[in-house]
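Read from first to last, the chains carry the letters A, B, C and D; within each, the first residue is number 1.
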Amino acid sequence: MSKTHVTTKVNGDEVEFLCDPRETLLDVLRDRLGLTGAKEGCGTGDCGACSVTVDGRLVCSCLMLGVEAEGKEIGTVEGIAQGETLHPLQKKFIEYAALQCGICTPGILIAAKSLLEKNPAPTETEVRYWLAGNLCRCTGYDKIIRAVMDTAAEMREAS
Amino acid sequence: MVEVRLWSGLRPLVEGRDSVAVEGRTVGQILTALRRDYPALGPTLDAGVSVAVDGKMIASSLTEPVGEDSEVVLMARLKGG
Amino acid sequence: MALDSSKTTGFKYVGTRPNRPDGLDKVTGRAKFGADATAPGMLFAAIKRSPHAHAKIVKIDASKALAMEGVKAVVTRADFAEGLTGEDWNILENVMAGDTALYDGHAVAAVAATSALIAKDAIKAIEVEYQILPHVTDVDKAIEPDAPVIRAGAADASVPEGLHPNVVRYYESGHGDVEAGFAEADLVIEEHFTTEATHQGYIEPHACLGTLGGDGKGELWCCTQGHWNVQKVCAALLGLETSQLRVTASEIGGGFGGKTTVFIEPVALALSRKANRPVKLVMTRSEVFRASGPTSSTSMNVKIGMKKDGTITAAQGIFRLQGGAFPGAPCDMTAMCAFAPYNLKNVHQVGYDVITNRPKQAAYRAPGSPMAAFAVESVMDELCNQLGLDPIEVRLKNASHEGTTANFGITWPRIGLVETLEAAKAHPHYAAPLKPGQGRGISCGFWFNHGGETSVSLAMSEDGSAQIMVGTPDIGGSRASMALMAAEVLGIPYENIRCTIADTSSLGYNEISHGSRVTYASGLATIKAAEAAVEELCRRAAAKWDIPAEAVYWEDGYAKPSGPNAGDHEPLHITELTADMGATGGPINGHFEATPEGAGVSFATHIVDAEVDPETGATKVVRYTVVQDAGKAIHPTYVEGQFQGGAAQGIGWALNEEYIYGEDGRLQNAGFLDYRIPVASDLPFIDTVIVEVPNPGHPFGVRGVGETSICPPLAAIANAVSNAVGVRMRQLPMRPARVLEALESKNG
Amino acid sequence: MHYYKPASFAEAVALAAGAEGITRILAGGTDVLVQMRADIVTPDTLIDIKAIPGTHEIARTAEGGWRIGVAVTGAEMSEHPELGRDWPGVVEAMDLIGSTQVQGRATPIGNLCNASPAADSVPAMIAAGAVLNVIGPDGSRDIPAEEVPAGPGKTTLKKGEIATALTLPPRGQNGGDAYQRFIPRTEMDIAVVGCALNLTVEGDQITSARMALGAVAPTALLIPAVTEVLVGKTLDDDALAALAALAEANCNPIDDKRGTVKFRTHVAGVLARRVAQIAYDRAKGAKA
């Protein structure tokens, strides 16, 4: 089967790759671009571990084809920190122990960042529903929700 | 001699007794003695058992000391998740 | 001087809440999990699985697959070791079917190819001819007289004569005279309960990268709770020498017991040996559900007699567990845990291990205990309701404590059940008013905890920092706990210690991270290894001062002369002792190897408020409090995390999670869409109370905490729902349709 | 599998009409990719219509309704400042599908053309009187939403026909719609039952009503008899009881892993009452 040439931007960097049209964006990120931060937990859009942003929009990279990335801007967990400065969410997740095994963490960080960009003052309920597509099996979500709420409060104060 | 209590599922193998007395100063010696004196217990012991000595549950170590007056209870092998 | 740093109070580092050492890697996406590894020349593998619940494998024809461009190897059972016995044989039989496919999803062949897509296509090209056999997937149906015999001769010596051949193990214990006890009771309640099989639901599918050559030497990278066990089992299944296979544990994306065994690792290695190239094998989510190790489903009868004052006079339980097509369902654990919270004069418990055409069960967090608690604590709740008694007072009245005889025969050492009940009683949650439509449930839970083979090595660096190598994969922050315990002994800051999970070639044997054993056993070994290093540090100081080593003691990172007789010496800081260690006797290391026993059992009491929509039967957990004995919380934040995680898994098990098999014996919900684990919007915040009744078997008093937290939730939630709707819920999960039916039965 | 990204509907129709084997249209992909992943369907031809001009637009029609382009996502509908004021039930129904991530990709037209009996947005579209605009080798035509699904996974679209947009009628005065579904969790499940109702009122009296049910039959169902039960009445207890009975009587569900016949039938009645109250309140001026 012939492969398709795709040019796209990932975390601000222009990248090119060849992929089979059946490959998902997640396959491409992980297997062709070496960006293994996004995880495959289900492959069917039910767990959110593969969350990325595409042109600023939160999506599951397992539910998008690699060929659809042509001309887009992709954001992954590898692009959240600015150099050695962590995003406030990253700092709070460590401080709050909002992760145990950490497999869901990249997806949750991407999703939470997308929430706070849209809604800087979410309620607990809003955070819980926004993150309902990001499964975590370790934490019972308690410390995750607290970390997101506290990050939001801190970012509001700082701005 | 140390009195070793058995779970009731094992009692048919030792003529209905709920405990048996064997020689031994460690868990390992007691298990060896049980195997020798009560061959019917062999398959169970081979499948793996744990031993509680004075309330301390010994999952696998054979070197734990056992006193003459120790309470020794045979338990199904402990596992974890 | 024999150093002993045992203490239960006065800690400087233990009990604090520093950031975890792997935090940065995990929030930046660079932590490497099972599927994140690559190797030059790597192939991708896929597994062909049986679509039938039970079928003879007549013929496997892989010629079309092998002819495909990019396909490098196909393996079947013929590519694995022969002549295995016992559990090795069971595992091999599960990893790759022999002459019979025993469940929907059972592996029958595997392919390695140059891309994942080619491997997936090649799987479809393998032709398997099956002869379909009758199947059974339900635990009660599997022991009916006319049920198909799944594996003749699988039963061991424990099974009494006359039982169906699908009963493969039997356990019975107890003491006293239960019939006499029931006769003394003012009220006797007997109920039948069922629970469905659930899955650990770790978000990371099983994944590995294996390389094996014809010389019998191999490398394996995988997500596992125990890489020495992987090494041992893979070596057996492939006919290798154990030491020739080096296994490295990746970061692990959840396990909960489900990654204590192997499913795909031997297959990747067999393919690698055949293709002579590295092979990566990653399960899909559907494969995880169909062909990893879910927990048992159960059918249980529990009978308890009680006097009007709340005294239990007798208790009896029969626990039937199906564990898939292989022996191993934890019927004995279920039976032993069932009545563990209670001091009983008359008690009798029986467990049956039943095989069915389902995947081989694996451990799931306190395997067997949550179901037992569901049945027993439901009957306790009903007795309290009918006798008009407070459920915590009744539990306190009958609670096991030091010196009472356990239901499985031992005399309890110091345990913390009473303390958890007292703390629950005093918690504001227990007194908070309920709204209409809400019900409150409480439950106790028990788990043994475990020690196991453990090796730890600690090495000082010249700058006075320390590195620890442990062999228990870090599932929930254990590296932080190890560093805290080492810091406490060495007297150096937590940040100056790095804890690494060593591979199988870098450290001695370590049992799996299971049985809530890591903070207990690896922690104990870390303390002992640090003590060994401190002893050597003291010897170096003694040599510098030219006094006997016995005259030196260690305090807060300094070697100090122990008294006036030892001479007037300025204390030496650890950095002064490590800086020239190469010249004063060589590197300073500490190590410890043992099988520590005395893990210290753990009890918990949970309080739950649930709200039921009377029109739809939908249940919402509105408030949840976990009270559990941790012995000593080394890193309290991670202890809370274990409490909350166990409660959340229990909520899923109680309300919505279940394996659903069709009449055809096929799994109908092999995905996160219809296997419904709790999502963020399903849950409230989960309050925690850490009770600390020190375990005498650990230098700092640690008891395992990981598993006990999943023991009470099923019962606590069932009690809350039962009290909300006014009908006893005896079947899990309490899906809305079931709750609605219960409401209808009440309303006539 | 061949992947095409045509620049016009004419090109897309030519591709679809000329393709052999299985052809799928790719908009949000949240069904197509799952089917590929699960080996249910791997198309021979995949036509990505998102590069066609106008497919991402939500626009007022000349009549005062709304035209929703074939590539418009649930998230774009929810964020639209006016659409949800006219048709809150349709927007909410779409918003219930999947996660935030799925909302970023999933489209209402994909939801309709995937023809799942449990599709959340479809009962709301049917109740609203939505029409699917399609183009094919023989020109354009409009299909009422309720006539699009022909059975589970099947539509009435002909070979070569491609949806271009969904048209919602003008809301008009004193109208309101609502949709609810029942799921075991709070999010992320497929509807066990769904119910949508669209009403207009004069004062307290109902002047028109359209109801649709999801997940209780092989396709989402329009229940025309709702006019007899509600029109000319106020939404009192008797009307609600009659409505619930009507909903239950029209259920023809199956027993499956997600629900039983009995449960689905009962909950259809419960939801009918609940959505009726919301739609009625909205029609009388309550803010969505």
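Throughout what follows, a residue touches a chain if its C-beta (ideal position, glycine included) is under 8 Å from a C-beta of that chain, and two chains touch if they have at least 3 such contacts.
What you see is a predicted model, and the numbers here were worked out from it, not measured in a lab.
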item	value
Any chain in contact with chain A as well as chain C	D
Pair joined by more contacting C-beta pairs (B-C or A-D)	B-C
Whole-Å separation of chain centres (CA-atom averages), chain B against chain C	26
CA centroid of chain A to CA centroid of chain D, Å	29
Distance from chain B to chain A - Cα centre to Cα centre, in angstrom	54
Cα-centroid distance, chain C relative to chain D, in whole angstrom	44
Touching two or more other chains - residues of chain B	none
Multi-partner residues of chain D (each touching 2 or more other chains)	37-38, 186-188
Touching two or more other chains - residue numbers and ranges from chain A	22, 43-44, 46, 129, 131-134
Each pair of chains that touches, named by its two labels	A-C, A-D, B-C, C-D
Parts of chain A lying in touch with chain D, wherever the complex brings them together	1, 4, 21-22, 24, 43-46, 48, 51, 54, 57-60, 62-65, 67-68, 70, 111, 114-115, 129-134
For the chain D and chain C complex, residues of the former touching the latter	37-38, 182, 184-190, 257-260, 262-263, 266-267, 270
Parts of chain C lying in touch with chain A, wherever the complex brings them together	17, 19-20, 22-24, 26-33, 35-36, 38, 115-117, 200-205, 251-256, 282, 284-285, 475-477, 637-638, 640-641, 644-645, 647-649, 671-673, 677-681, 683, 685-686
Complex interface listing, chain D residues touching chain A	1-3, 5, 26, 28-30, 33-34, 36-38, 42, 46, 48, 50, 75, 98-102, 104-105, 186-188
Touching residues (chain side chain A, partner chain C) in the complex	20, 22-23, 27, 30-31, 34-44, 46-47, 49, 76-78, 80-81, 86, 89-90, 93-97, 99-106, 109, 125, 127-129, 131-146
